[in-house]
Amino acid sequence: MSYNFEPGRIYRMPTHFGPTPGPRQWPDADGRDWKHSARTLTVSAGFLTDAARLDRHLPEGFTLIGEPVVTVDFHYMTGIDWLAGRGYSMIFVSWPAAFTGRHDKASGKFVSVIWENLADPIIAGRDEIGHPKLYAEIPEPRFWDGAQICSAGWMGFRFLDLAVSELGDAAPPSTRPQSDGTMMLKYLPRTGTWGETEIKQVTITPAEEPETAVDRRQTGVGAIRFHRATPSDLPTMYHVVNALADLPIIESRGGSITHSRGSKWSRDQRVLA
Amino acid sequence: MSYNFEPGRIYRMPTHFGPTPGPRQWPDADGRDWKHSARTLTVSAGFLTDAARLDRHLPEGFTLIGEPVVTVDFHYMTGIDWLAGRGYSMIFVSWPAAFTGRHDKASGKFVSVIWENLADPIIAGRDEIGHPKLYAEIPEPRFWDGAQICSAGWMGFRFLDLAVSELGDAAPPSTRPQSDGTMMLKYLPRTGTWGETEIKQVTITPAEEPETAVDRRQTGVGAIRFHRATPSDLPTMYHVVNALADLPIIESRGGSITHSRGSKWSRDQRVLA
Amino acid sequence: MSYNFEPGRIYRMPTHFGPTPGPRQWPDADGRDWKHSARTLTVSAGFLTDAARLDRHLPEGFTLIGEPVVTVDFHYMTGIDWLAGRGYSMIFVSWPAAFTGRHDKASGKFVSVIWENLADPIIAGRDEIGHPKLYAEIPEPRFWDGAQICSAGWMGFRFLDLAVSELGDAAPPSTRPQSDGTMMLKYLPRTGTWGETEIKQVTITPAEEPETAVDRRQTGVGAIRFHRATPSDLPTMYHVVNALADLPIIESRGGSITHSRGSKWSRDQRVLA
Amino acid sequence: MSYNFEPGRIYRMPTHFGPTPGPRQWPDADGRDWKHSARTLTVSAGFLTDAARLDRHLPEGFTLIGEPVVTVDFHYMTGIDWLAGRGYSMIFVSWPAAFTGRHDKASGKFVSVIWENLADPIIAGRDEIGHPKLYAEIPEPRFWDGAQICSAGWMGFRFLDLAVSELGDAAPPSTRPQSDGTMMLKYLPRTGTWGETEIKQVTITPAEEPETAVDRRQTGVGAIRFHRATPSDLPTMYHVVNALADLPIIESRGGSITHSRGSKWSRDQRVLA
């Protein structure tokens, strides 16, 4: 008597031991107070680059919109519900783009790659949302000599440095940028028929975050540096890091530090077709 | 001008920076000497359990065959080609089963869960093969007081202990067990329509390993213990560990230690339908 | 031409490359704003134990004073000057005692053992002050299910759990406890003549912390548990953990959580004789 | 009733819980089979440098002998008795020197700094022998593209690379170099009287290792690189790494890889006066 999948429940591999807990399925999630779950320190910086070069890293159906500005966000999170109060960190690399499908249109942020320092959200995000998540060592951020300093590495090879200096308190942006949300490409290769595609879908996380409050925001001068790697340094992702390192930095576009509280029941993602 | 997928090349998320290197796609893989890549120390033990209880963790299409013996294998690997000579460790929990599909039949080893201590092979294995891989801390094995000692934990909670003692040199098994290979369930949930299935496929890795040589093999007395966990201890996988901890250990089925060399071009996996 | 020690400068091994930077010697330490360096989250709990049992762990010259209450403090620190803004965590196990030397008398807190999760302050503290520091893995604290949860382990063996629950805001203690400071035994064995003593001194850190401000303080119900270990589990410190685990817990003595800012130029330690 | 130190037993801080286990004091050390405890992979390389520059890093009483060649040895060890079968890695930076004291004369290897990736032997070695040990992250060595590759870092900053390539099997050195052993400076600063010295002694580990057998030895072309660091990168040891990085590499002096077994009861160290 093999098992049956319980209807309406989310599963991830391995599926053989029951529905899988995670950010979108948690024993006590219903009564959760979203306003007070998770505290996040976000350190961000951006740079203007060459539109034609950036365009080469957009999948079919997407076009650049506005200025070709690459944004790198480090999010250091603690008090996460679905990790029983633990935390982890993530890095988003994104730029503005629009998607035009057969039925759907959307514009907002295109997430090209995400690094996280914990395998569990990497697995959940890839499988359930199509988050392009990879693993990196992400040390705790530090403030030193007037700058907030962030970095990321893999097996001792540091591939990304970001710093924000000359900080001053800033009001929250008065008008929220027009955005439908954050868009990704959910992709799965086919087993056995190597080189073929099993799944290719555009997914979106809507921009609304009604339960998140900003406690403090500062802006300053940002600096981003990706370090080129050999296959020996980063055998599973030298191509990602080198593509980003090769984007020309035409102009820095400022940096910011944001302390915020709250999260949302992250089940609002959907497929765009 | 967005990018196109190069035909015949394997991609994983993020797909935007070119084909993705990994165990099945590596710059210099063609001329590789499989006999000398990777060294593995395997420490294994098994136990006889209750067939009815085990059956509840088999997906549709599978039935138990032979004795209901759960085997836990720790593989400690070094010198891995596609990691530029680095290593990592993995734990397989499996039992004998047969699959009957509409077209295909196979029998061999059913892999219920795999733990690894490196995110990169977790991502590659889940996406390309359907390996049910999760992350665990896996300390280096140690030999102490007459026993080879292995363990695994997550964020400081040790959930698995395995030891093999009273070791004696053993000949390699004279007849290889009849097996078509190692079978898994490749599963992906659907984004947005929560609780629905995007992909559900049975996959198999054929048993042949022509380039692997065993340097030394010892057998002894095995002992396995899964430690029950609360959601607070293991919020993303208490259900997996507890299901295994709840399987009755009717009888220990011996243990072994194997030192081997070599690997194979792991592109022989396929979908069973 | 061998080198000379620069007069008035602090050295630690290796001494061959110049004076050694650290908590008591830092390039720009003079102008430092102590009020704003380091943020600390302290989670504490205590228990009443048997005086006679506790007394066995006091060195010559010390006597218990007041109630025999063992206090365990977890300090999670960030923004540390002499680590260029990085942080680390420490655990103090202490009880009240008085020291009577030939010349000096002092009473306050006797620190029996300290665990830290970074080798650099372990080395500096042992050598410069006589801090009885050992290494432990100390995960970030987490708040879950109404409790602040702390733990410590070594190579995957968790040897200490501490939790504080039923928290309520509390005023800072109205009267500071009468204390001359924190006392330790600085000890160094003699090389070659095994079993003999090279250095044995009582040291003290005065209690004053004029630049430290408490941002928030909560009190609640504390719970402490040391887990007994075998030599195989903790080969370098099973004797420490087991001695603490063997102290009877006659009564819990409450717990607290304190958020504070600031540090001091930690050069006020001295030898008591 | 405070405790007394048991005569003839080695103690380290904290001394309050009984004699301290370690490499020179272990419950079952007497009957130990030294031939089979510990396996070591040693990867070494050296370079000729400027004698005058090197001399500046020799303490009083020492003079350079022979050629001013700096040797860097990475030792990757497993199966260590006093760690209950666990392992760790260490890096020695040394050069040839002679010591002339009031009574003693010795010549051999002067160890300027040692890095290890485990705090427990750092503490034991510093306190009991005067080993100038610091902490570093030392990834497992890897063989890739014809070279054995070693590295070391701290909090994500890689400060040392060593590689040995063009390897060929080599006989063990036919004549052991004339050496009395490995010499160090055991140093402890004085608490309170900052800048004064509590202990300064020259110590030696005799060269004899009667129970160690070499299983395989290869020689090749070595390459060493220390990476200069800022105080922000390596706040506790930029001065050490920069002093080594600043030594001119006049000529590479070959490299080697050695696989060996066995250890010794490491109680033969003594003070030279």
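Annotations for the structure displayed:
Which chain is which? They are A, B, C and D, in the order written, and residues in each are numbered from 1.
As a convention for this text, a contact is a pair of C-beta atoms (placed from the backbone, for glycine too) under 8 Å apart; a residue touches a chain by one contact, two chains touch by 3 or more.
Small disclaimer: the values here were computed from a predicted structure and weren't measured.
Chains touching both chain B and chain D: A, C.
Which listed pair repeats B-D comes down to matching contact pairs by residue number; over half match for A-C among A-B, A-C or C-D.
Taking shared numbers over all numbers used, the chain B to chain C interface scores over half, which places it in the same class.
Chain centres here are means of the Cα atoms, and by that rule the chain farthest away from chain A is D. Its C-alpha atoms superposed on chain B, chain A is turned by 180 degrees; the angle is given in steps of 5. Remark: chain A and chain B have CA centroids separated by 29 Å (rounded to whole angstrom). Between chain A and chain D the centroid-to-centroid distance comes to 43 Å (mean Cα coordinates, whole Å).
Centre-to-centre separation between chain A and chain C, using Cα means, comes to 39 Å.
Shown for chain D are the residues that touch two or more other chains, namely 84-86, 139, 144-145, 149, 155, 232.
Note for the complex: chain C touches chain B at residues 137, 139, 144-145, 149, 151, 153, 155-158, 232.
Looking at the complex, you find that chain D touches chain B at residues 78-79, 84-87, 139-140, 142-145, 149.
Partner chain C is touched in their complex by these residues of chain D: 1-5, 7-22, 24-27, 52, 55-63, 82-86, 112-113, 118-120, 122-124, 126-135, 155, 185-192, 194-195, 197-199, 201, 203, 231-233, 235-240, 243-244, 267, 269-271.
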